[in-house]
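Same chain, two partners: chain A is paired with chain B first, then with chain C.
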Partner chain A sequence: MNNQGAAYTYHLKNVGLQLLYKSSKVFKVNPRFTAGFIIVLIVIILALVAPFITWYPPLKTLVGKPFTPPVALHPFGVDDLGRDIYTNVLYGIRTSLIVGVSAVTISLAIGILIGVIAGYYGGLLEDALMRITDMALIIPQFLLALVIVAIFGQNFQNIIIAIGIVSWPGIARMMRAEFLSIKERPFVEAAKAVGLSDVKIIFEEILPNAIPAIIPYAVLQVNTAILVEAGLGFLGIADPNVPSLGLMLNTAQQYLVRAWFMAFFPGLVLSIIVIGLNLLGDGLIEHLNPRLRKR
Partner chain B sequence: MGTYPLLRVENVKKYFPVGRALFGKSKQYVKAVDDVNFSLDVGGSLGIVGESGSGKTTLAKVILRLFEPTSGKVYLDNIDLFSLSNKEVRRLRPKMQMIFQDPMASLNPRKKIKHIIGQVFKIHTDISDVEISERVIDLLEKVGLTPPELFLDRYPHELSGGQRQRVCIARAIALNPKLLIADEPVSALDVSVRGQIVKLLLEIYEKYKNEIAYIVISHDIALIKSICKDALVMYLGKVVEKSEIGKIIEEPLHPYSQMLISSIPVPDPEIARNRKRIPISGEIPSLINPPKGCYFHPRCPYVMDRCREKMPPLIEVDNRLVSCYLYSE
Partner chain C sequence: MSPLIFFIIRRLIQYVPMILVVIIVTFLLVRLAPGDPTYILVGEVGDESFVKAMRERLGLDRPLYDQFVIYISNVFRGDLGYSYLRSEPVAKLIVERIPATLLLVLTAMFISALVGIIVGTIAAARRGVADLTLSTLSIIGISIPYFWLGQIILIVFAVWLGIFPLGGMVSVGYEYQGLEYFLDVLYHLTLPAMTLAIFNIAFTTKITRGSVLEALTQDYIVTARAKGIPESRVVFRHALRNALIPVVTYTGFNTGVLLVGAILTETVFAWPGMGSLLYDSIRLRDYPVVLGIFIYGSIIVILANLIVDVLYGIIDPRIRLR
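Up next, the complex of A and B:
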């Protein structure tokens, strides 16, 4: 018995080592994933520590002379209202990430629910749900988000909700497709034969096998959500009480000749976030789909 | 305890509609299972043989109500299975279990072995988690996965094919089923482990003889012979012959059974050369438009005029059932 116990701990250790080895291999083999992962990690850390590495409160006006170019005290310069751009960019990263993650959470919730019901139950219900999804897919996301925010008001929550409810159709379709294929697999039938209820089959058997397929897509969706938020901000549709990279770009365009740094730094940071998330998402797709992997 | 029919299958039919019409129902059907009757006693073991596409697996799944039947009745322990609601069937599931063909595909790849087997107890019993893991260890030992501690935390892909099928068997026998259906239990396995799995199935059968009935589905008559007493030969969804397995092998009545038997390779060349061979000719016809009359007549070497007209009924010949005009007056 003791011997078996030892064998068992040995086995566990082995599994742990294998996992470590496997993940180290991912980083080595997939440079895109690695680059994206590092960029996103840095961005997240910056967003988290923003209060500790800035020395002005965000959005506070007249902390410096308007249109001061980058100096030591204001590394990214000062904008038209005398706000520190460096501070606002760092808090803007926070906003972008919050918008991205919460909007995608909303769209995941709606998309998974609809996709699961359509894919698992099928029949007329599926037809109805998928036609609704198709209709939602036809409407340009950006315009719909614009309309929703215009109707319900320009505050932070409304913007998140608007972006969330325009981006679910893709997830619903993917989820349905996954469910359609997984529900035909023998282990689902075996679960049925054992006597599992529909709810348990959906959540315990099929969903854990379907989720990995939509993870890379969800990462890319975060990206889209951030861009939509920035786009709305660029058009001036943003909550003025929340630092937003898009809104900063909107203000900057009027002073582009006079104060290049007002557009440059928010734009640069936004690009880095988007590139990072794109690399991460693509890397994940590549990693999860061995056929795309280069040998 | 006397024997009584544990399982009664009466006029079971399963038709799958083909294509989907925009309005109304589609007119064409695949008759996967067409009017099947048999009964099985406690302690009985029945093999179902037939080519691929003959409806063996569909029949099993209809009996277990994994497929909804088109018509007919199935009684398990005198309970009419087809009249039960889904919920009631679910409660009855522990009594009837199935071992699937491909053990890798029939285990959830994201669950550990202890959860795959433990789940059965979680659904159907109120025992505590500690007791569940004791039972799981017990079961793993019973199916020869020793030491069981080594397998509890593994995922299906970390096991070999034979080990996976043992896990499937453990899951199937977890709650002492009365009816155990094994659908091609060894065809996905290496030849080297087939014998072990057959031995395990036989051991379980010997152990629970007084409470269990077996149905083994296979295209391999030799496998059926090593596990079952009786056999049912199916062709295009219909039963063409039913009798003791030994008799079918020694003296098959239906031309189709004769064809199946003569297709078994014989290791002794002497015997092989001297035995009467009926080569398998033709292919299994389309299930959507089965031939008129006896479904087998286009391939049958003894075809008569009336075979082309009407399906021969199942008749009794020396305690055996066969559906062929060769044996009717």
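Up next, the complex of A and C:
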């Protein structure tokens, strides 16, 4: 028992070390990835520790005098309803990250399913699915998400679902391309020869090989989802009970002449999140594509 | 039939059904939404008799199939319903706003193509420090949400420095004519167009750089250099010319992104286009207008893609054969 435990710990350590070694190589080779990674890490930590580094409850009104410019107690100032902007910005980071990750999970599920079916089975089914995908790519996704939330009700859940179901086409196309190339490889032929079922070949043989290629795009999709949420919030499509960087910019719009800080800080933090994720995604793409690395 | 006409017809067959799909999607969404669809198609206000009249006119008391046929035929005839709040047909409200939005989009497109192509070409030709700075700047340019950028530009140039107007399209209270009117619009257009262009310059630069880098590896460049042509001429005349097609098509296919960008930018600068209309309609819960803007916006994007696709085929004969 003890021995087994020790062996397991050793194994874990080994895997850990390997991962560390591999990632250290990425860091050395790719400064963009490193910069993005650090920024995203800081953003995630800030979102996690938000309750411990703020001293007001989020969204609580009249914790300060409305329109107070930044002071020690309110580092980012106070908004029109007397809410502390610093507190709401930190909780807003949480909202952005939750929306980004959940919406992309939904779009990955839809996109992978459609891409896999089209890429693996081919023929008429592929043609039909890809025509739908192309159409969905042309329709302005932001406007579609906006219409969905506007008529289904402006709550947090609907916003996540709407962003998720409008952003699958890109993933579907990539997935199909990956499947088209991977299914020609000998190991798939071997799996077929052995008589594995389609489901097994798709999910156990091909999919694990296709996933790495779409990871960087998933990161960039998180980014897009965060921006769409912010854009919707900016137009006033948001859940008023959830702190949102976009919604803060919507409120700020009415007081630009009077209170610059109401727009400045939420937007700055939003930009930093997006820059971090863009660097991370681009860095990953460059790292995984050696042809780009040389340039 | 000449292959060109055949090509254009094929593209039309490809794109026109998309408009139908947009309308079907809208209809389905309205039907799937919780609550009485009348309030979405008519708006949340209106007295009983108005709502009842509209319900009959839209066939909402009839079977789903009839409703669908009525809705489609209405939309195809350009009837998007009536905005009770503004006492005007939705289609009229939107069509009035399209020119302002197009002016903003086209100006931004022009500025960003001009700047992006020059900067992107230089970045490709002189790799090294300049290239690294530019690619870092372009990452930042792509990342900054342009509606926030617009707010900051407005605060700095209009509120603090006071050298540009706070918003709108013309100065209120002056009845400018002719050249003066043109200059006044230009003056109001500067900040919103700049905001939208900055966002798009980053993309155009990135595409141009990649495309020129690719062109610079071709054999004809080696030939040109061997002939002793100055490097600047090699880059700008020989490489850039061949690198331009992807840049131009990209600019066209990017209309959707720019349209959404314009909608958000307009809101910041109170530019009287479709974006401001959308913003007000969301606040007033004037759903017919929101749905109408979705349909019109999608149609504009589909048509832009169609036009670029056809032009692409005319410029590059190889595409036609596919």
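Everything below uses one rule, namely that the second predicted complex is superposed on the first by the 272 of 295 C-alpha atoms of A that agree within 3 Å, B and C clash if a C-alpha of one lies under 4 Å from a C-alpha of the other, contacts with A are read in each partner's own complex, and residues count from 1 in each chain.
Everything that follows uses one rule, which is that contacts are C-beta pairs under 8 Å (C-beta built on N, C-alpha and C of every residue); 3 or more make two chains touch, one makes a residue touch a chain.
Every value quoted in this text rests on a predicted model; they were computed, and no experiment measured them.
Chemist: Now for A:I42: first (chain B), second (chain C), both, or neither, which partner does it touch?
Modeler: Touch status of A:I42: no partner.
Chemist: Tell me which touches more residues of chain A here: chain C or chain B.
Modeler: C
Chemist: So in the superposed three-chain picture, is A:V71 touching just chain B, just chain C, both, or none of them (first/second/both/neither)?
Modeler: A:V71 sits against neither chain B nor chain C.
Chemist: Between chain B and chain C, whom does A:S197 touch in the aligned arrangement: first, second, both, or neither?
Modeler: After superposing on A, A:S197 lies in contact with chain B but is clear of chain C.
Chemist: Which holds for A:A128: it touches chain B only (first), chain C only (second), both, or neither?
Modeler: So A:A128 meets neither chain B nor chain C here.
Chemist: Quick one: is A:E189 in contact with chain B, with chain C, with both, or with neither? Answer first, second, both or neither.
Modeler: Touch partner of A:E189: chain B, not chain C.
Chemist: Check whether A:A109 is in contact with chain B, with chain C, with both or with neither, and answer first, second, both or neither.
Modeler: The answer is neither, since A:A109 touches no partner chain.
Chemist: Which of the two partners, first being chain B and second being chain C, lies in contact with A:Q253: first, second, both, or neither?
Modeler: It touches chain C, and chain B stays clear.
Chemist: Can you tell me which positions in chain B touch chain A when the two form their complex?
Modeler: 61, 64, 66, 90-91, 93-94, 97-98, 100-102, 105-110, 119-120, 123-124, 147, 149-150, 153, 168, 171
Chemist: Give the list of chain A residues in touch with chain C in this complex.
Modeler: It is residues 32, 135, 138-140, 142-144, 146-148, 150-153, 223, 227, 230-231, 234-237, 249, 252-253, 256-257, 260, 263-264, 266-267, 270-271, 274-275, 278-279, 282, 295 of chain A that touch chain C.
Chemist: Tell me, which parts of chain A touch chain B in their complex?
Modeler: Chain A reaches chain B through residues 4-5, 7-8, 11-12, 185-187, 189-197, 200, 204-205, 208-209.
Chemist: Contact residues on chain C for chain A in the complex?
Modeler: Counting only chain C, the residues touching chain A are 18, 21-22, 25-26, 29-30, 32-34, 40, 139-140, 142-145, 147-149, 151-152, 154-155, 159, 166, 213, 256, 259-260, 263-264, 267-268, 278-279, 282-283, 287, 290-291, 293-294, 297-298, 301-302, 305.
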